[in-house]
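Both of the next two complexes hold chain A, though its partner changes from chain B to chain C.
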Partner chain A sequence: MISMSIVKRKPLPGWVLLIIPVAAVFVTLLITSIPIIIAGGNVFKAYGALFYGALGSKFNLLETFVKASPLVLTGLAVAFAFRAKFWNIGAEGQLFAGAIAATWVGVYFTWLPSFLVLPLMILFGFFAGGLWATIPAFLKTKLKVDDVVTTLLLNYVIFHIMGALLFGPMQMPGSSWPRSASIMEAGFYPVLIARSRFHLGIIISLVAIAVIWYINKKTVFGYQSRGVGINIEAAKFGGINTGMVILKTAIISGGLAGLAGVGEIAAIHHNLMMDVSTGYGYTGIVIAMLGNLHPVGVALAAFFFSVVSVGAQTMSRVAGIPIYITGIIEGVSLMTMLVFILLTEYKIRWTKS
Partner chain B sequence: MMSEIFSVAFITGLIGATLRMSTPIILATLGEIITERSGVLNLGIEGTMLFGAALGFLTTLATGNLWLGVFVAALGGIALSLLMAVLAVYLGLSQHVSGLGITLFASGLAMFIYRLVVGSPIVPPVITPFTPVAIPLLSRIPILGGSFFTQYSLTYITWALIPLVSIFLFKTRAGLRVRTIGQNPFAADTVGVNVNLTRTLSLAAGGAFFGVAGAFLTLAHQNMFLIDVIGGRGWIAIAMTIFGNWNPLMGAVGALIFGFLDAFQLRMQTLGVDLPFHIFLMIPYLITILALISVSRKATVPAGLLKPYRREDKGG
Partner chain C sequence: MEVSVLEKQAVIEMRGVTKRFVDVIANDKVDLKLYAKEVVGLLGENGAGKTTLMNVLFGYYNLDGGKLLINEKEVTFNSPKDAINNGIAMIHQHFTLVQTQTVLENAMIGMEGSFFLDKKKAKEKLLKIEKQFGLNLNPDALVWTLSIGEQQKLEILKALYRGAKILIMDEPTAVLAPTETVELFETLRTLVDSGHSIIFISHHLQEVMDICDRVIVLRNGIRVAERTVADTTIPELASLMVGRELLERLEKGESSIGEPVLEARNLKARNNRGIVAVDNLSFILREGEVLGVAGVSGNGQTELSEMLFGQVKPEEGEIFISGVEVPGGNPSEIIKTGMARIPEDRIATGLFMDLSVKENMILESHVSEPISKNGLINMKEIRDFAQNCIENFSVKTDGMDVPVKTLSGGNLQKVILARELVGKPKVVVACQPTRGLDVGAMEYVHQAMLDQKTEGAGVLLISDDLDEIFLLSDRIIVMYEGKIMGEVSSEEADRDKIGLWMSGVTS
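On to the complex of A and B.
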């Protein structure tokens, strides 16, 4: 019988680690050409359409940035939480919380000087997401309730809170649909490049990447947060208030997801609806893992997913491949990347016995 | 309104709906309990259920055979669980991440296949779903007989599976092996249990349960496939696994409570209670969280859960 075992390998040279993501993308596209062929598509034409749709013109490229903006934020949100082993599967709900808060400010705070509307939307959105994330963090640290399950269930709770608000106090007067009134124009993210949707929120996402990198690398809190993730008992023994670290981690994580919600309101929809997110919070989980929980990795992964998501629309139109291929590509890319990362540290040995 | 709530028709209707709506959650919970008892958390559950729902529906749509649909759904669930086994058992990757990856992949695949087969018609295709089967005599018991014993065959099978899974886990040698590798894989290995193989088989069994749970929703509960047909029921099953302390009977009780709350909120909506219906939709999730809070302090998690087994790490 042949048996398999996994053994540690010697560290690989740096250039191999740089090639890994590229190789993983290549293998992913190779695997996902199977469903494209089954759907009767021409693989080269389909992938050509995918990349042209996402990167082929200045406008397409800018649209890809627009799409990447919320993905960067939810990806960072999840990565920051996972780094501390706070299993936040609730970025989707925290995004809703941020979107609700931003809409509230944007629609009802009409007495504000107009230059304060947008800053306050951002502030409220950040803390709404952050506070929503403290619930599972508190339940985890104080009552030992599993965070995976509570963050997931709370997504449904806030979704229905949003529904109750949109059929109740926040419903647009005269509308029978669950939608809010439009926010004030002072609350729109300004468009930075003419004849496109390239908006301020994209800059905010880029800043967030730098800030999270800084927190991780240069601050005591970033170091403690990592320590809690690696070994919570050792961190406790070393005198770290682990409960407080997890709580702060949750606020930052939820806050980032909340900012993604702010962006959907301030830049895209300008009012709140039930479908304000197309699963950005869940996609953020995969992006965080693909990026190996590193802010720069998250940025690259978010960009790749954005390419797939924007390009798939063109691919669907040109090559007749159902748009749901995006989910398959995303899932396969995650699994491929996981295996590749594993193979950088371990090797598989087959032995006859 | 109170008189309506306490009428016999309301209560029997509520009980019948509770038993129906809890069926997929009980099935999924049983599957997850087997899997987690062996030391593997399968977060692929939600996507696996959607995959089962799609495969079951499409098979029945093509053949008109409902039981063939159930069978193919089970096979689909097994296939995805084997993929999970490769990632999380043999390669020892993070169970959280592998599972979420499976959910993403399986959901995409389910919707992709559905679109490929049916296209995008204005009216989605429907099948002739399972009809409730009245059990002779028992269903004639006054008042409650009708709601308890006029259920889908799959619901009866699910009830039978609750004690069967219990007996398997706690009274058979195979069940002992599953529980041992979930508690202490190193000890199990030294007495000659093939840890990875047993985990794979447990995952496969769980996957079959997930697939059928999904198919119940498209072949009995409804007669069509909708993208949000699972609606978080897989995550609820994960919660019920913890609530039931990894015990099939208690897990099923939790699933029944959730089914009851779900059925109750639907009826409250139709009675025209003057509250936004989203408040009612929220209640089952809130109560599930409260239930988890009440049990979590004394939960006895299988000690080997989340830990990949590598013989080389002995003692680690």
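On to the complex of A and C.
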């Protein structure tokens, strides 16, 4: 009988780690060609359409960026928290908090000079998301309450708070639907490229990638945050105030998710509704894992997801494949990536007995 | 020694068993025989290879050399399942019970027989075993309602339910209250009377004397001695366990004893089970001396070091560094005093294994200039600092950017030494600084300690290795159950007296 065991391997050189995401994407497309064939599609035609739909023209490419913007932010939010082993499953809720705060400023702060509306929306959105994330951080550090549970459950709490606001004080006058009034035009993200939806929020996402990379690499806080994630005992031994590090990590993480909420209001919807997010916070978890918790990895993963989701529409039209293939590709890509990450640290050994 | 049992058949024989991990030999040609109806003690310090040896016997690890015989037939175990099928059971320190299920359900796990549960038959079988061995537990009680002692009984029941004839018990008394220990020993005697054999892992000498027939002593993976309990004494076992031959010849070096640099006054702390581990302990460490703290591990040394390092706040008492009282329970306050801290467990508390060598070098200095300024890290300074550390302490590494986990055990310790000693500390506190290291690395650490002393630092050396204590110390204090049993200068110290102190006997 042949039996399988998993054993630790010697650390791989750095360049292998760069190839892994590419290889994972390739394997993913290989695996997902099976359902495409089952659905009666031509694999080459289908993938051709997928990539053309997402990247093939200037408009398509810009649309892919638009779609990637919130995914980058929630992906970064989750990745930054996970690196410090703060298991923030609550980016969705923090996104809602950011959207609520941004809408509040955008609708009601009419007395503001117009050039201040957008900066204040961004600021309030960031801190609303960050503040919402401090609740589970406190519960974790002070009372040792499991952060997976609290961050997840708080998503439902804020969702219903949002509902109460949209049926109550923030409801658009005269409407019977749970939706707010439109924000002032001064609160719209400016469109940067004519005849497209390429807006300021995309630049903010790119800046966020750079800022998180900088924090990780260049700051004392980034070092401490990583240290807390890798070995909290050693961090304490080294004199690091681990509770404070987790709290700050939570604020930054929640703040990034909050910015995703600001973007949905300022760039896309211009008012607050219950379906302001299509699960960006949860997709962010997948993207963070797929990007191996590295800011550049997150950016690439978000872009890949965006390619799949934008391109799938073309693919479905051209190759006649149901749009649900998007979900399959996303799911398979995560599985593949996780296996690849596992294989960087472990190898499989077959033994005959 | 084995005359009385020579004619009998060994139920287990391990012959020349060798087990290697990446860069250490955990078991080096170890022999062990176990006969029917006896309790064999496996004695040794942490890291001596006891648990590894038993994990080999229980099929967790493959052999790297040697043979395993059951009833004088050679066998190969690929997994614990093979061991269980041969009537061997292992009872771990950490129980493997399903807390939300009943006693009966836990006993039955993996033994259901068919798709349908026959709880009635199982219950009868369990009750019969309970009656036979006096292990009375309500089969319908939920596990989480049981005390620790009762859960351990259930572990034994589980083993018996599977028809085990040989029980391996890994430090079973570590989790028990004294009265529960007495009960456990009664159970073990009943088991032995009915034909079972037991391997009893411990570093608690009195317990080994109480329950075992024979003792095998391991040290650094080697079987150093075997004794029948009737022919040995606690002090002899203590000195066997912590070693007797001196391998190294080091110059102690000249230094002049100066001012007190570290003083502990009436320190008291509890361990994580709430039992007093350090009790009203005081000492003074001066410039230019090595003060050795000897003792069998588990007598409060860990808790003492954790107080000195600032990891644990003393329940009572004060710590003075260079005459100034430092607040307890705050590592960064201790770091500010410049104390060099070499922790007992370098991997669990000393290092970020997934971070690079250079990032580990700056653990304690990353908040101070020039390593960082205004919250920003100065990468050039870090590289210079790390390069300096690597060169001065000849750390063998594939550069400063590789993860520290790629280094060998000895070089991991050098990383810590470099980080702690490069700033010319006045106080060095080292807890078990050579545990698990090979001879070369051990010598390096020893020399580094002596160098610190000759440069005028006071060195507190907490170690369960008596050789090391004798080799390096100018003065020796012995800890037993959290108290100091005695103090002696190294010229006047003799091993028999220290051995007695280590076993709690004052003379």
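Heads up, the rule we're going with is that the second predicted complex is superposed on the first by the 343 of 353 C-alpha atoms of A that agree within 3 Å, B and C clash if a C-alpha of one lies under 4 Å from a C-alpha of the other, contacts with A are read in each partner's own complex, and residues count from 1 in each chain.
By our rule, contacts are C-beta pairs under 8 Å (C-beta built on N, C-alpha and C of every residue); 3 or more make two chains touch, one makes a residue touch a chain.
Predicted, not measured: the structure shown is a model, and the values here were computed from it.
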item	value
Room on chain A for both chain B and chain C (clash or fit)	clash
Chain touching more of chain A, residue-wise (chain B, chain C)	B
Touching partner for A:223 - first (chain B), second (chain C), both, neither	second
First, second, both or neither for A:10, with chain B first and chain C second	second
Which of chain B and chain C A:86 touches, first, second, both or neither	neither
First (chain B), second (chain C), both or neither touched by A:234	second
Contacts of A:126 with chain B and chain C, given as first, second, both or neither	neither
Clash with chain B (superposed arrangement) - responsible stretch of chain C out of 21-29, 93-101 or 363-371	93-101
Sites on chain C touched by chain A in the complex	78, 309-311, 330-332, 334-335, 341, 343, 348-355, 359, 362-364, 366-367, 372, 375-377, 379, 402-403, 405-406
Residue ranges of chain A in contact with chain B within the complex	4-7, 35, 38-39, 87, 89, 139, 143-146, 148-150, 152-154, 156-157, 160-164, 167-168, 282, 285-286, 289, 322, 324-332, 334-335, 338-339, 342
Of all residues in chain A, those that touch chain C in their complex	3, 10-11, 217-224, 226-227, 230-231, 233-241, 353
Chain A contact footprint on chain B (complex, rising order)	43, 83, 87, 90-94, 96-98, 100-102, 104-109, 111-112, 115-116, 232, 235-236, 238-239, 242, 276-279, 281-282, 285-286, 288-289, 292-293, 296-297, 299, 310-312
